[in-house]
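Following: one structure in structure tokens, then a few remarks.
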Amino acid sequence: DQASVDYLLELGDDALILGQRLGEWCGHAPSVEVDLSLANMGLDLIGQATNWLGAAAECLDGKDADALAFHRDVLDFKNCLMVEQPNGDFAQTMARQFLFSTWQHMLLERLTGSSDQQVREIAAKSVKEVAYHRELASDWVIRLGDGTEESARRMADGLDWNWRFIPELFEVTKEREELIERGIAADPREFEDDYRAALANILAEAQLEAPADQRPILGGRRGHHSEHLGHLLAVMQFLPRTYPDAKW
Amino acid sequence: DQASVDYLLELGDDALILGQRLGEWCGHAPSVEVDLSLANMGLDLIGQATNWLGAAAECLDGKDADALAFHRDVLDFKNCLMVEQPNGDFAQTMARQFLFSTWQHMLLERLTGSSDQQVREIAAKSVKEVAYHRELASDWVIRLGDGTEESARRMADGLDWNWRFIPELFEVTKEREELIERGIAADPREFEDDYRAALANILAEAQLEAPADQRPILGGRRGHHSEHLGHLLAVMQFLPRTYPDAKW
Amino acid sequence: PALVEEFERRVAADEFIEPKDWMPEAYRKTLVRQISQHAHSEIVGMLPEGNWITRAPSLRRKAILLAKVQDEAGHGLYLYCAAETLGTSREEMVEALHSGKAKYSTIFNYPTLTWADIAAIGWLVDGAAIMNQVPLQRTSYGPYARAMVRVCKEESFHQRQGYEAMIALANGTGEQRRMAQDALNRWWWPSLMMFGPPDDKSPNTERSMRWRIKRETNDELRQKFVDITVPQAEFLGLTVPDSDLAWNEEKGGYDFGEIDWEEFYAVVRGEGPVAKERMKARRDAWEKNAWVREAADAHAARKRAAKVA
Amino acid sequence: PALVEEFERRVAADEFIEPKDWMPEAYRKTLVRQISQHAHSEIVGMLPEGNWITRAPSLRRKAILLAKVQDEAGHGLYLYCAAETLGTSREEMVEALHSGKAKYSTIFNYPTLTWADIAAIGWLVDGAAIMNQVPLQRTSYGPYARAMVRVCKEESFHQRQGYEAMIALANGTGEQRRMAQDALNRWWWPSLMMFGPPDDKSPNTERSMRWRIKRETNDELRQKFVDITVPQAEFLGLTVPDSDLAWNEEKGGYDFGEIDWEEFYAVVRGEGPVAKERMKARRDAWEKNAWVREAADAHAARKRAAKVA
């Protein structure tokens, strides 16, 4: 049904778009070690995207994961706004990763108990990878927050840039309610307090203040994105759009 | 014939790609005045591209200027390597404009005497615009070269980045020889000395040294570009590629 | 007081006040705020459109858009010059923008997601701007009024081009029509907000009207905009996203739904969807290019010195 | 002299030299140069491929490419570590790269223009790299030899994936075949240059062979590469861009045309088509992110101090 497909698309698009963003770092990271870990996270996320989009495609006649990744335009992408945010500097990238992976990890933990077998299986495969992303990003938040004056300022700016996209992660629509009731989807509101506490813990260790909350910025799940996504898609989809008949 | 079409494509692609690059500045220039003049040059160049590509399309069944601009991939673009170089900072942008517009101006002056009526007419329309681009860019080279220590260093770097693409502007292939003999194309070698002298004059006034010559980097005219062009095209062509049946 | 009386008399008689004339401090301040806010809007407004210059779908559309942003830079310049005649420097105005002290139109804090947004901006945003600006061609401050004459002429050209681009989409493929409707859905309410808070929440309106800095109230202009725009949407075959919208025979205009003023004030506070992007872009343009302006000044100073010597 | 004799004897007997063993300064220097050059090549080599990660044409190809660059970063790390055992720090090696003192493979100064270039790099560049590297698994310096065992295993995997991607293109649409042929045209000669100058212009070859730092000459390896690769091109239905290419029954290998050594030396001098881009990218990555490394050091120092206290 449409609600399930939408859910799978959300999960897949989050992973795809963040994986794409991480791929932009290739060869430009602060050290070879970091280059390696960014490529590694990107690879995990592209793998997860392939699984989620593959599952969504099974419900859509004649589609496959690639068709969904490369032949939808912005209004049909359902990722949250946070993952499409630009990399900025390394602090901004890690702030984004920290805020997203912490949420994604809590979500996937719950999805390992989904009533849908496919969701359960993909979640079980992904959750270990994401636990590692969460740890790695948390470590960087601490290291940069509790590093030099410059790194603390940059990390604070990075958190500030991404903070306004947190509420969207906990948005639940009516259609989603139903999917939660059927046990297919997880209810993010159940772990919002845990999430906020987890952030607070890491920020305390990093000697950083949480940015002020402001009016939530929503819309990604309904295809209403920031201006960044269109540029990302223009690049990402160039080959399949330009050579629609080719197989690679 | 193919040689004429190739020539029109070169002229059109040079203008199109440089116009596209200038469009990237929109809203990000050092002052409102500069924003205005960059948009103005970009507009001139897009207009010129429309004319040259339109003329090329007339020789190609069922094509129009838009088809040529938006439905060719890198290997078929014939612009010189200089115009596709990234904007870099404002000094790099103006260095590129100075080196290119000076050449383009000398070329167009000669093309106003082309044996081909259409070439003559488009050249006559464009040459005044380009005279202004040349003047504006020359002024900025002088202003930045003879400005502060920082601006002089940046302008020197900008010239250094673009300098290696000068020899390509004077490349003449066998096919081109023939077009020159027929009076359709201009022979850039005839004004290479003038060109070098014009650069030397402005650089002297700007208190800048000319960068050292090195092994020429060629290939743009044969579709062998830098890595920058593909990214530019991915963005520029996104809509027509994504919605091939749409009219705008 | 005699000066004040004379000033009020001239303004009431629709005479122009010129830079060298005496004027009340509050008049000067209000004008600087209003004109610089308008100038900032022109400049910030280049950003959502600049976002599509590199992706315009045809050479013709790319040229039209480049010409439009060029006009907007020009408008920004006239307006900054008009404000400078009141004794505030460009630097001061720019710093006020970057510090968040000066405002710009809330509309530019919304993102341009698809090409249809560019058409919608031309149609709705420029349409609303004209509605605001036409009366200002007769505003009491001379330099401002003269700047507005030029601005209005070009702005109405932009509005027509925007509507024409919208027609192309509305008559286009299903995907284009979807883009067009989606753009109208997203830009409609922010466009209505462009006229500012409702009259009963707009304390300075009365004085500004008396001073001929404003010539119609926010709600009057908003009503005019709705009445003109709704039939245009109908012509396009698009649906205005307001279930309360209905023709009111009695008042000879449309009734329309309640505006989300909470959103409006949040956007004014700088919490609009892409406000951070806009301010970052403008600050970066200014600060990262400071060396260009410094170099130009240094060079000009050297030239002047050489001439004197 | 006794130490030298003992060293030469051990090397001649194919024994491994370990970090703590005595070794001639020239041996150490040559090794540092060779290993760091190899490490730099892995790191710089991520750039032409990184250029296509964001544009890989399918999820599968994107994942393969990400895995490949991840491996390359890993190879860079092993190799830097191996070089560090010889007493040169990572910082010193990186500085030498950025100052232009240290070199990296000339091949990475050519641009990746189309997706076919990614396939061609896997097929030809990794193919040539393996040809160079397989003998180094038995090189005389222990840490280097052990690093090469891991590197070679992964590298041959990359080569197979590249060839497989090339097959997809060669069996694809006309446009894909054109890309594939064009990529072969552009990458063929630079790949042959990867084996270095001809033997008669390679003065240190003899000593390096004696020290088992090299185990075959440049020309021998180049010949081997041509002999293996030409039939692969034939299988793909692609034409090797060398009109002098011909099977020589007598020597049991291919004769091939003259390499443009002038181009080779220009690229070595840093005048390759995208050399400026490569060095700028590496310098920017290092310098603009220095604050990250400083922060990590500061944090680690604070943690250590806290533990001690």
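A few remarks follow.
By letter and in written order, the chains are A, B, C and D; residue numbering begins at 1 in each of them.
Keep this in mind: a contact is a pair of C-beta atoms (placed from the backbone, for glycine too) under 8 Å apart; a residue touches a chain by one contact, two chains touch by 3 or more.
Just so it is clear, the model here is predicted, and its values are computed rather than measured.
Chain geometry summary: the mean Cα position of chain A and that of chain B are 41 Å apart. Note: centroid distance chain C to chain D, computed from Cα atoms, is 57 Å. Remark: chain B and chain C have CA centroids separated by 35 Å (rounded to whole angstrom). Within chain A, residues 73, 230, 234-235, 238 each touch two or more of the remaining chains. The residues of chain C that reach two or more other chains are 55, 175, listed in rising order.
In terms of inter-chain touching, the protein chains here follow a pattern that is not a line, ring, star or complete graph.
Under the contact rule stated at the top, the pairs of chains that touch are A-B, A-C, A-D, B-C, B-D. Listed in rising order, the residues of chain D touching chain B in the complex are 48, 51, 55, 111-114, 175, 178-179, 182, 186, 263, 266, 271, 273-274, 276-277.
By the touch criterion stated above, chain A contacts chain D in their complex at residues 16, 19-20, 23-24, 26-36, 39-40, 42-43, 46-47, 49-50, 53, 65-66, 69-70, 89-91, 142-144, 146-148, 150-151, 154, 235-236, 238-240, 243, 245-248. On the chain A side of its complex with chain B, the touching residues are 73, 230-231, 233-235, 237-238, 241-242. Chain C makes touch with chain B in their complex at residues 43, 46-47, 49-50, 53-63, 66-67, 69-70, 73-74, 76-77, 80, 115, 165, 168-169, 172-173, 175-176, 281-282, 284-286, 289-296, 298-299, 302.
Contacts from chain B toward chain D in the complex involve residues 73-75, 161, 164, 214-215, 217, 219, 224-227, 229-230, 234.
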